[in-house]
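One chain, chain A, appears in both complexes that follow, with chain B as partner in the first and chain C in the second.
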Partner chain A sequence: MKVYAFKQADLEKWVKSWTSTHKVYRAATQKSETCGAHAGWTEMTDGTMPPCGPAKSSVKTFYFPQPETMATFSAKKEDPDGLLMENQETPEEKQIVFGVRPCDGRSVELNNLPYVDDPFYQANRERTILVGFSCTEQKATCFCTQTGGSPYGTEGLDVALSQVGDVFLAEIITDKAAELVDNGDGLTEASESEIAELTSLRQAVEENPGHDESLKAKEMTALHGAPFWDKVAESCLNCGACTFLCPTCYCFDIQDEVVRGQGKRIRYWDSCMFPLYTLHTTGHNPRGKKVQRVRNRFMHKLKYFPDRFGPFSCVGCGRCIQECPVNIDIREVMVDLLAVK
Partner chain B sequence: MISYLPYPVRIDDITLETEDGNLKTFKLVLENENDRQAWSHVPGQFAMLSLAGKGEIPIGIASSPTEEGHLLFTVNRAGVVTTALHQMHVGDRMGVRGPLGNGFPLSSDLKGKNIVIIAGGFAFTTLRATLLYLLANRSDYGKITVIYGARTPGMLLYQDELKEWAERDDLDLHVTIDREADGWEGLVGFVPTIAGEVAPSPENSAALICGPPIMIKFTMPPLEKIGWTDDQVYLSLENRMKCGVGLCGRCNVGPFYVCNDGPVLTRAQVLKLPLEY
Partner chain C sequence: MPTINETITQEIRAKAKELLESKEVAAFLGFCQGSLPMTTRPFVARSPEEADKLVWNSFCVLNPANYLPELLKSLEPPRGPRDPAPEGPLPKAALLATGCWSRNIAIQIKENQLDRDRVVIVGIASRGMVDQRKIRARFPDQEILKVEEQDHKLKVSGQNFEEEINRWDMVRGNCLTCLHPDPVMLDVRIGAAGQERKNDTPFQQVDEIKNKSTDERWQWFQDEFASCIRCYACRNACPLCYCDTCFVDDSKPQWVGKSIDPVDTGLFHILRAYHCAGRCTDCGACESVCPMDINMRILTKKLSMDVLALYGSEAGMDPEAPLPLSTYKTDDPQDFILSESGAAKEGI
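Let's look at the complex of A and B:
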């Protein structure tokens, strides 16, 4: 793996050079900046450094754009092939997302576990280059190390940038990212001492406490039946903010939309916090009670998903903690679950 | 890679099944030769019926894989898509995406066993597929018992076939209705009562039960009384679904995805799951 070293001005120049060949996105710093297709993100024209902590909106908007067209059809009566679904081409245009925090990078890998055979997710993964930025400081709501991540993690990233002293080191992780360095012409390779310093920063990160393994060892029914769920759910408004902000919430709804004879079958984000999500046509609702929905969300992330795939379906970005209007904290839920006998 | 694109099908025939007009069986023919070659299902699986502009609904496949050339779906009119489907005509085109789910383990766990099929109301559909499959592979199974009940004689599905099956001597058929009705000379009584009277011994047997939850609940005690255990009883769950392939999230019962891990599972498995169905 190649590692290059940059002074800040050179790094900004390097990043800017991509904008002539790729669509480059960074987190929007203000509402007016945000671009239409990807709320919370903006198209980049310069080499601005990202602010501390994860961006307000996660990178899932680039992997699960909404709405996403799954098929098209003609809804015109006179059309002989009307109402037959045609395949929607998967998008191919290359894009770069700059300044992605390691937690978000990791979310792309975690979502890939269930979505490994989804044509749209895979196409978006193929066309997106993630340029990550290690975290030299953390917000009060950050807890990536408790979920198996690291502020210096590189999982899911194509390029990992890390600040070491007053230089920035760029680790070129994937072949996909190789096109950004163009054989390394005009770039300076990092010295051994700089790489050693990065390695020691990475090693200094606190060890994974293995909560995922601890919860995997517990009985599902014991965790599901624990008495604390009523207390967790009591204040929940079922607003769904946690699910929309969460980088590893990947549920969707499918709807058909017809505008002037042209139809589309689209999918867009859905939330297990909403009663309609599970409502049967008969009126029966398997998760009609708030506590059932709240429990399902946490159980999915911290028990069902790890039992099936290994890691938590949570990267510890802390968005849900920061934005929950009633201060529900997934870290506290984790502690409660770990205490269940 | 998953395909979310339904196969184009043509409605070849529509049968009104019940006196209340709410149940119709749609005979669908896959339009493309490639799709016909590729299609392969086992009884108990379901498929998404797709009506462009309306949406998709998961419906159990009522035809057996041994019936070649077409697919059958018996659909209760209930919501947006099923109502639109009920208004369609022979010759109309629509889509089918599938087959989805696991189906009954007819060629593995159930092979060589005595099979008891217990069905109530319009949940008989995938069990009709199962029964036809069993009869087509008759020598692979032991005694076959079918207990099927509906509210009234006019609410029984597949009435012509019921008459044919009644005349077979390699099949023990018990059709019942809830209350006495004019012109009905068959059994009268709820499915659990009849099951208690005619169910065979549990030895080397398996029961496949589909019906309203209340029927399943009351069918268990009479079976348990004569020694049946939960791992011999196969059920099929239903939950709201969108994708049918384990991604959209809503059909899970605890860790169990009805679409991918089910819909078929044993009662022993069901009892270990939370009550989210």
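Let's look at the complex of A and C:
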């Protein structure tokens, strides 16, 4: 792996150089900047460095955009091939997402576990270059180290930028990122001492206390039946703010939309907080009560997903804590779950 | 000396304890402290001990009336859909109510969502709730770790800073223009009664947008709602939204597309606002809960302005008065109805 060193001005120049060949996205700093399908993100024209903490919207919009066209069809009566689905070609145009925090980078890998056979997710993964930014500071809502991540983590990233003193180091992690290096004239390789400093910063991060293992060891029915769920659910509005901002919530619904005889089969984000999510055609709803839906969201992240795939389906970015209208705090839920006998 | 809000908090706890101990109510709906600065959680105390968790401060931005019908239902003994209602009086709930919240309760009663006899309204004159977005915007590059409240100041601090700011400068837009901070109906009062406020331009926030050109207004609308993620927090925080299935969730027929296409998103917001016409009390919950900081409240504020101009009615102000949009009067304004003669005049 190559590691390059930059002064801030040179780094900004390097990042800016990508904008001439690629679509480069960064987190929007104001509402009106938001671009098309990627709410909370905007196309980048300069090389400005990202602010502290994770962006308001997660990177999942680039891997799992909404709406995403899965197939097209003609709904015209006279059309002999009417209602025959035609597969949508997956997009190939390269895109760069800049300034992604390690938590978001890791979310791409976690979502890849259930989406390993999803052609749309895989195509977007293929065409997206994630340029990450290590966190020298953490926000009060950050808890990545409790979920198996690290502020200096590189999982899921193609390039990892880290500030070491007044120097920025760029670790070129994947082959995909090599083309960005070709773009930059005369990049300077980092010195051994700079790399050693980064390594020691990375190693200084506290070890993961292994909550996922502790919860995996617990009886599912005991966690499911714990009495604290009623209290958690009582204030919940059952809105989708947590699920839609969450980088590792990946549920979707599918619909056919027809406009003037032209049909599209689209998928769009769905949320287990919504009653319609589990409504059967019979009218029966297995999660018809708010408490059942609230419990499902946390149990899925902290128990069902780890039981099936290993890690938590949570990267500790803290978005749900920060943006929950009624301040439901997943860290408290985790503590409550760990306390269940 | 304790601050006004600290005194109110103590009074709320004492009253909640009294009501719960005497079993006059089975539940007391208020707020408890959140885990982050500038947050509170809607909270139901069901025992005198739990009453000590109740708090009152400038960050009680949710509308408790939103939780009330469901809370009352949860207090009833369980029964099947076809079982008759149990005999005798059903358990009661108490809740905190400021001016706007009490008006929402009045509307819920009027719309048959609530049984007045089962509610104990604990009235508090609102001093205006604070908008945490405004505070965050005041300290854009710093993380706020603590906000201490005095009566007219807020002491905001973080890792390397501490600053006192004027509380009123941080108050939410809806509270700034509120004319009726005192509850319109109550059973128990906490703290001092509030004065009606005077404001010659209560709809100034609407006028600012209304006075733009059509193109500018369209641009404003597009920019404002561009980042909507369709999480429906605005709808779910609203005490007026209680339909079993919302028009946006309906799929047979499907009124609105489900994704974040700007047309669908815009349609959702416009229709949501229209459903609140003549019923919205400008409590500001929708705006306060929006994770994307969208100012959708201005739409309902515009409709309040129209309803006041057309029907001389302010939502929920008079608990006995009929609702303006579900009542027909022969002298109702009808200028908007397209009649043949009217159409000819307009050249349609």
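We take it that the second predicted complex is superposed on the first by the 338 of 341 C-alpha atoms of A that agree within 3 Å, B and C clash if a C-alpha of one lies under 4 Å from a C-alpha of the other, contacts with A are read in each partner's own complex, and residues count from 1 in each chain.
Definition applied: a contact is a pair of C-beta atoms (placed from the backbone, for glycine too) under 8 Å apart; a residue touches a chain by one contact, two chains touch by 3 or more.
Only a predicted model underlies this, so the values are computations on that prediction, with no experimental measurement involved.
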Three-chain arrangement built on chain A, chain B and chain C clash or fit: fit
Cα-centre angle that chain B and chain C span when viewed from chain A, reported as a multiple of 10 degrees: 90
Which of chain B and chain C A:D253 touches, first, second, both or neither: both
Which superposed partner A:T281 touches (first chain B, second chain C, both, neither): first
Partner chain(s) touched by A:N327 [first = chain B, second = chain C, both, neither]: second
Contacts of A:D117 with chain B and chain C, given as first, second, both or neither: first
Contacts of A:S193 with chain B and chain C, given as first, second, both or neither: neither
Partner chain(s) touched by A:A241 [first = chain B, second = chain C, both, neither]: second
Shortest CA-CA distance in Å separating chain B from chain C in the superposed model: 7
On chain A, the residue positions that both chain B and chain C contact, one per complex: 253, 255
Touch list for chain C against partner chain A, complex: 34-36, 39-44, 62, 66-67, 141, 143, 145, 223-224, 226-233, 235-237, 245, 249, 251, 254, 257-261, 288-289, 291-294
Touching residues (chain side chain A, partner chain C) in the complex: 28, 31-32, 34, 37, 39-40, 51-53, 56-57, 66-67, 139-141, 234-235, 237-241, 243-245, 253, 255, 257, 266, 268-269, 271, 274-276, 321-323, 325-329, 331-332
For the chain B and chain A complex, residues of the former touching the latter: 1-6, 8, 50-56, 78-79, 82, 93-95, 238-240, 242-243, 245-250, 252-255, 272, 274-277
Residue numbers on chain A that touch chain B, as the complex places them: 70-71, 73, 75, 82-87, 114-115, 117-119, 122, 220-221, 224, 250-256, 258, 263, 265, 267, 270, 272, 277-282, 286-287, 292, 296, 299-300, 303-304, 307-308
